[in-house]
Amino acid sequence: MTITVQTACFDPGQLLNQLHADHLGVGAVVNFVGYVRDFNDGQAVAGMLLEHYPGMTEKALGKIVDEARARWPLLSVDVLHRVGRLEPGEPIVFVGVSSAHRQAAFDACNFIMDYLKTRAPFWKKEDTAEGPRWVDARESDDQALERWQQ
Amino acid sequence: MTITVQTACFDPGQLLNQLHADHLGVGAVVNFVGYVRDFNDGQAVAGMLLEHYPGMTEKALGKIVDEARARWPLLSVDVLHRVGRLEPGEPIVFVGVSSAHRQAAFDACNFIMDYLKTRAPFWKKEDTAEGPRWVDARESDDQALERWQQ
Amino acid sequence: MLTVVYFARYREALGVGEEQLPWSAELVTVNDVRAQLLTRGEAWQVLDEPKVMCARNQDMCRLETPIADGDEIAFFPPVTGG
Amino acid sequence: MLTVVYFARYREALGVGEEQLPWSAELVTVNDVRAQLLTRGEAWQVLDEPKVMCARNQDMCRLETPIADGDEIAFFPPVTGG
C-alpha cells in the first residue's frame, strides 16, 4: 500500500503495471486516473493550482484506504495525488487496486475515489480567461458518498 | 473505440496511457486488467489456453461496447482480449474507458466486464498438476449481469 | 445447408469443431437442430445440459430462436473469458 | 494555545493561513472557536457558511467536536480534489 502526495507529474501506465508487479495471486486490477480537463463548468481552463492540507492529506487518504481494505479483500492499493501547478491533460490522481476478484477491485476503487472527492483536503483553483476561480464542490459527490454509508 | 483479440502479450500501462492520449476533454479514465493467477479453485495453475469463437468474439464485444456507449457519455473505449496460450502473471484482458465524468467511467467499465464475462465467447482451459481442466462459469457472474438488466 | 460449430468442452467431447448439416424445413428453431444432434448418441448428450448456450450467425440466441437455410449455428458451454 | 489553520478560499478571504489563539476554558467545541472568530468582522463571515468544514488535529470533525488545549483546528470550504 502506498500513498503519495507530490508536485511532480507521473506516468499512470507505469503505476498500473507496478500494481500487478509479479504478484501471481492478482486476478484483477482496477484503476482510476483523473486528468485536468481544458474545459469545466462552461469555461476554458488553462491550468490549475491544487492546494492541500499537508499532514492531514496523507492521514485522510490513509484512513480511506484502511476503510476500503476493511470492506474488501484487496491485495495492493496505490493512491497518488498531485498538488501545486497542473496543466490541462496532466494526470491529477491515480487510484489503483488489485484483488483476486473483479468486483472487489471495482468497488474498492470506486469507494476510494468517492471518499477522496469528499473527505481528502484538496482544493482546486482553475485559471480561466476571466481569472482564477476556486472550483465548487459538487452535490453529486456527496450523493456518491452516501451509497457507501447505508 | 478499439476492440482487439490477439495472441500476443500486451502492456496494460501503455494501453492506459493511450486511452487518454491528448484528448483534453478526458477527465476520468477507469480501466480493468485481468491477469492469469497461479492458483484457482483450489489448484495451482501452470498456465492456460484461451479458446474463442473467431468472428463472433469481435461482434459480441462490439455490441457490448455499443450498449455501454448508449448508456453512458463515454469518450473512448478500448477492449483487448487475448486468446491462445497464457502464462501465470500475464494480462488476459484490458478494458479501458474514458469520460468527462468519473461515475460514467466506473459504471461503463464495470458493465463491459460483466457482459464480457457472460456474453463474449471465450473459454479458459487451465493447466493443473492433475492435467488440463475447463474452467467452470461462475454463478456470481450471472448475478453481476442482472444488476444492469433491471 | 447449415453450418454447425462447437466450442471448448463440447468441441472436445464431440470430437468435431465444425460440420455441415443439410437444411430441412423441419428445422424451425435452434432447438430443432439440437434435438436432431441429440439422436446421434451418448457423446452428444452434452448438448442437453441445462446451461447449453447457442448462437445464430454469431449472435448469442435462445434455443427458441428461428433459423434459416445458410445459417451458422453454434453450441457452447457457458463462457469463461475475462 | 490553539493553532488555527485556514485553507483555499477561506485562507484567501481571511488573508491568513495559520495563527495561534490563546487557550481558554470557554472554548469547549470547534464551534466555540468559530464563534470567537466570527466576532472579528466582515471577512470572517465566510466561516459562517452552512457548508464550512472543519478538522481537529488533522481529522475531519464536526462543529460540535470537543477540543483541548494544544489542538490544531482547521476551517476550510468543501474539498474539490480528485
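So that you can tell them apart, the chains are marked A, B, C and D in the order they are listed, and the count of residues begins at 1 in each.
Just so we're on the same page, contacts are C-beta pairs under 8 Å (C-beta built on N, C-alpha and C of every residue); 3 or more make two chains touch, one makes a residue touch a chain.
Treat the numbers as computed from the prediction; the structure is a model and nothing was measured.
Undergrad: Among all other chains, pick the one whose mean CA position is farthest from the mean CA position of chain B.
TA: Farthest chain from chain B, going by C-alpha centroids: D.
Undergrad: Express in whole angstrom the distance between the two chain centres, defined as the mean CA positions of chain B and chain C.
TA: Chain centres of chain B and chain C, defined by C-alpha means, are spaced 26 Å apart.
Undergrad: Would you mind pulling out the distance in Å between where the CA atoms of chain A average out and where those of chain C do?
TA: A distance of 47 Å separates the two centres.
Undergrad: What whole-number Å value describes the gap between the mean CA coordinates of chain C and chain D?
TA: Computed value for the inter-centroid distance: 70 Å.
Undergrad: What parts of chain C, by residue number, touch at least two of the other chains?
TA: 82
Undergrad: Going by the touch rule set out above, which residues of chain B reach two or more other chains?
TA: 34, 102, 113, 117
Undergrad: Judged by the touch rule stated earlier, which pairs of chains are there in contact?
TA: Between chains, contact exists in these pairs: A-B, A-D, B-C.
Undergrad: Which part of chain A faces chain D closely enough to touch in the complex?
TA: 34, 50-53, 55-56, 59-60, 63, 81, 92-93, 113, 116-125, 134-137
Undergrad: What does chain C use to touch chain B in their complex?
TA: 5, 7-9, 11, 51, 55, 58-60, 74, 76-82
Undergrad: In their complex, what parts of chain B are in touch with chain A?
TA: So the residues of chain B touching chain A come out as 11-17, 20, 22, 24-35, 37-39, 88-89, 91, 100, 102-103, 105-106, 109-110, 113, 117, 140, 144.
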